[in-house]
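The two complexes that follow have chain A in common; it is paired with chain B in the first and with chain C in the second.
Coming up: the complex of A and B.
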């Protein structure tokens, strides 16, 4: 496949990733944020498939497949299941106003584009705008984690952040060794399982969310 | 900047927009009705409403000044003038200086201002309420629309809508840059707000708590109300036309009569796609609380800003 077309496609997927990220930051319902993160993972899987076609790297096909099944289907399903189990109909609870969060999100995006523009020759080796998009996703994921009170929304932020790292790694290295990618994915699955169990346990024993835990006194 | 589009075609395009405006509203209402398992009124119903209103007498509030009479005419005139700037059957700039996308947005803003002034002039409580709400929403929508226009204009190097549409007409979907996607996303977020639809405004209701645009029309009656309704139909199709000119890749093509007919067909398809989008959004979302509207529009703002930033950086 023509290298310029690959760059264009990766660029466009980057735009869609940023779009889903803004939806996650601005979502007023947690289920919507979860669907957005699922779509984000789907786009990353597509990006993996495109890179696999371009480079002929078989590992990337495997990684795209794993991303699709685990991150785009299994983990969102787990989160939605936890929501149903906990019967959370509430909107996400932000620490600072939503508009302030959105402003911060834009600042992160502009900042990461500005910073990676100054990288110069390093940037030439990387497909399209993948590096700034990846950095922006990572920072915005951290932003979501920092500005939400409920554990489930923070998990969504963690997944988005992880997606950013994954996307950067994939686009920068044209495919990491398979064993590393699988290790990362297993880490994510384990973290998701542990966190879900923790959240359900905390909820069932003390009927509080993690934001209430800082009022605990020994 | 001048091109080779003659005055006649510009006038024909303007006429097409005014004539098709109510049809778009009718189609949206029909789709909505079918999605709600209702039969719904025919798609020509807005025309019947307009004809009925134009044949009625006028009742005016005692407190209204003489200016109130001319409001519907002025609003209709500014909206139709905005329609002249939208490329419909043929792309490319007109043969004489007419105005660009900023002029279009300015005319739409002027129409909105006149509507609000009329609502305040009549002295009704609902009119004032509607006007104040509309004026709260407008500053959030208009700058973002301008940013979307700028984002596209930066790539082409002109704010002339005809040139923008021509450029888009020759570019394939794979030639879309990342900024185009973000701009389109921002446009899709803004469309319901600019056309006065759910989740920002509810066009079907006269319930005091929920209305923005309808509240401002309450004091008008008879032919005046007809003009205001026609103006809002036209405004809707003009906004859709703006979105189509900025983003849809199948641009108006060709010359001669067949070219014009082909252009008209593609335009109809583009508008139909956007109308179906609006109907789907309106059927699947609830109207937002007024205080949540800024957050919804904030998403559009962020997307437009990113799109602009991506173009510049």
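Coming up: the complex of A and C.
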């Protein structure tokens, strides 16, 4: 496949990733944010497949497959299951107004592109606009985590943030070694399981959201 | 021989963890715990001997050099002390109902899984493996922090896992960016090996490495507890069961610093030594300044120790930031000194808290009258943390101060000294109030349990020894590690 076509496809997928990120930041319902993060992971899996075709790197096919099954299907399913299990009535509960969060999100995107525009030579090492998109997703994921008071929303922010890293890592020339990618995914799964257990445990003992507890101060 | 040890050492805690699942007898579990820690310590001494004799060794994705040996030695000393401490601590915790007798095996299995992930972070040569193991430490220790099942513990565990996971995902991003820079230079032979990256480091693009290093610094800095990313630390370190607090403050945050040192070396080779050093100085000073008011106005004994860890991590970062032979040597020595002292302080605090059934500094009074040995150990741990001679922390702080003066960085030296003096006064005030005075009637007058005393005396001996003299073999490791860091 032509290198310019690959760059164009990666850039298009990058735009879709940013679009899903804005949906996550602005989502008023937790389930909508979860679907958005699932689609985001799906786009990253597609990006992996495209890069695999272009570079002939078999490892990238495996990574794309794992991303699809774990991040686009299994983890969103886990979150949706936890919602049903907990019978969530409260939704996203932002700490600051939605409009302010969205403004910040847009600022992060602009800043990321500005930052990586100043890095001329990095263009050769990372395909297309994967670096600014990756930075933007990571920062916006943190934004979601910082501005939400419910545990599951914070987890969605975490997954979105990690998606940004995966996207950039895929686009690095040659990609990351397969064993490392698998190890990272394994960590993500374990962390998600431990977090879900904690959330359910607190919910069953004190009937509160774990992220909303604030007894520890000073 | 050394190559064999490189895969046997991480395997010991893994096998132990699995072994623990086979029994639920408390005495047997404690025996395996102490035995495994002793084996780990013996193997590490053997490895240290090999490295001293014939230099750094590599095996696949693992590598050990003099820098790694220092952290590994600290780890095994602490795990051994913690294992011994745990014997009587656990008995008491089961009696008062803080730990459930039937789930003890999972506790021990998790502790050893936690130790295994720490060992891998120290021995990892591949920067990807380093990250995976570091996230592994977060997952295992998060479960341990919330192990009591109180909602305070779970709140602390949640804050810990969410903040440090997001924090070190920045670390992964930084790693990916620096790897991208390296892959560009290495071409076909690109790998994530730290050693391979160091060889091409002078040729890396400084602009990319700079951004990568900032991400790494924020990422692993979160895990190290550097301000302003330290918010999880006082909660997690104070809510965890005491043996876990000792490991978290003693070794885990130092391992994050080890990761930062590895990247600092790449960044120094790619964009000059000044850039990483300035960043380290800023984070170091911020940590000291932020910790100070919370130490002075603290009501909770274990939180006090948590904030003190923030301060000392700041001092280590400052030592690395001042750099040069003296500063780097001082910082590495401070890693060990603070690790040993803080573990001792957490253990002494744990026994005091159990005796008074309160962690409030106002409630703990007259410890000397009810537990003379424990009170003395608590007092000398606090004296050492405050930086009083002849204890070990005084020596390393003095070296870091000298490095700062040598650099002519007067503003940083002034801030460092001011904070150190204020915190000194605060810590002595708190320690005096706990140790002296009339004990309340509710305080337990039971005789002091033997196993915690043995563990604490072991650490106290090392602490005083390192204050008076640095053993020749250990000095050799510090010297060579300093050379490694300075390149």
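Simple rule for what comes next: the second predicted complex is superposed on the first by the 208 of 218 C-alpha atoms of A that agree within 3 Å, B and C clash if a C-alpha of one lies under 4 Å from a C-alpha of the other, contacts with A are read in each partner's own complex, and residues count from 1 in each chain.
Here, contacts are C-beta pairs under 8 Å (C-beta built on N, C-alpha and C of every residue); 3 or more make two chains touch, one makes a residue touch a chain.
From a predicted model like this one, the values you see are computed outputs, not experimental measurements.
With chain A as the common reference, chain B sits beside chain C without any clash. After overlaying the two complexes on the shared chain, residue contacts for A:76 are found with neither chain B nor chain C. Of the two partner chains placed by the overlay, only chain B lies in contact with A:129; chain C stays clear of it.
By the touch criterion defined above, A:99 reaches chain B but does not reach chain C. Between the Cα centres of chain B and chain C, as seen from that of chain A, there is an angle of 150°, stated in steps of 10. Once the two complexes are overlaid on the shared chain, A:48 sits clear of chain B and of chain C alike. Number of chain A residues touched is higher for C, counting chain B against chain C. When the shared chain is aligned, chain C comes close enough to touch A:191, but chain B does not. Applying the stated contact rule after C-alpha superposition, one finds that A:161 touches chain C and leaves chain B untouched. When both complexes are overlaid on chain A, the residue A:12 reaches chain B alone and has no touch with chain C. Taking the two complexes aligned on chain A, the least Cα distance separating chain B from chain C is 19 Å. Put simply, chain A uses no single residue to touch chain B in one complex and chain C in the other.
Partner chain A is touched in their complex by these residues of chain C: 126, 128-129, 131-132, 135-136, 138-139, 142-143, 146, 149, 151-152, 154-159, 161-162, 165-166, 169-170, 172-173, 176-177, 179-181, 183-184, 190-192, 205, 207-208, 211, 234-235, 238-239, 294, 297-300, 303.
Of all residues in chain A, those touching chain C in their complex are 115, 118-122, 124-126, 131, 134-135, 138, 141-142, 145, 151, 154, 157-158, 161-162, 164-165, 168-169, 172-174, 176-177, 179-180, 183-184, 186-187, 190-191, 194-195, 198-199, 201-202, 205-206, 208, 210-211, 213-216, 218. Put simply, chain B touches chain A in their complex at residues 174-182, 185, 292, 294-295, 298-299, 301-303, 305-306, 309-310, 313. Chain A makes touch with chain B in their complex at residues 5, 8-9, 11-12, 14-16, 18-19, 22-23, 26, 28, 98-99, 102-103, 105-106, 109-110, 113-114, 117, 129.
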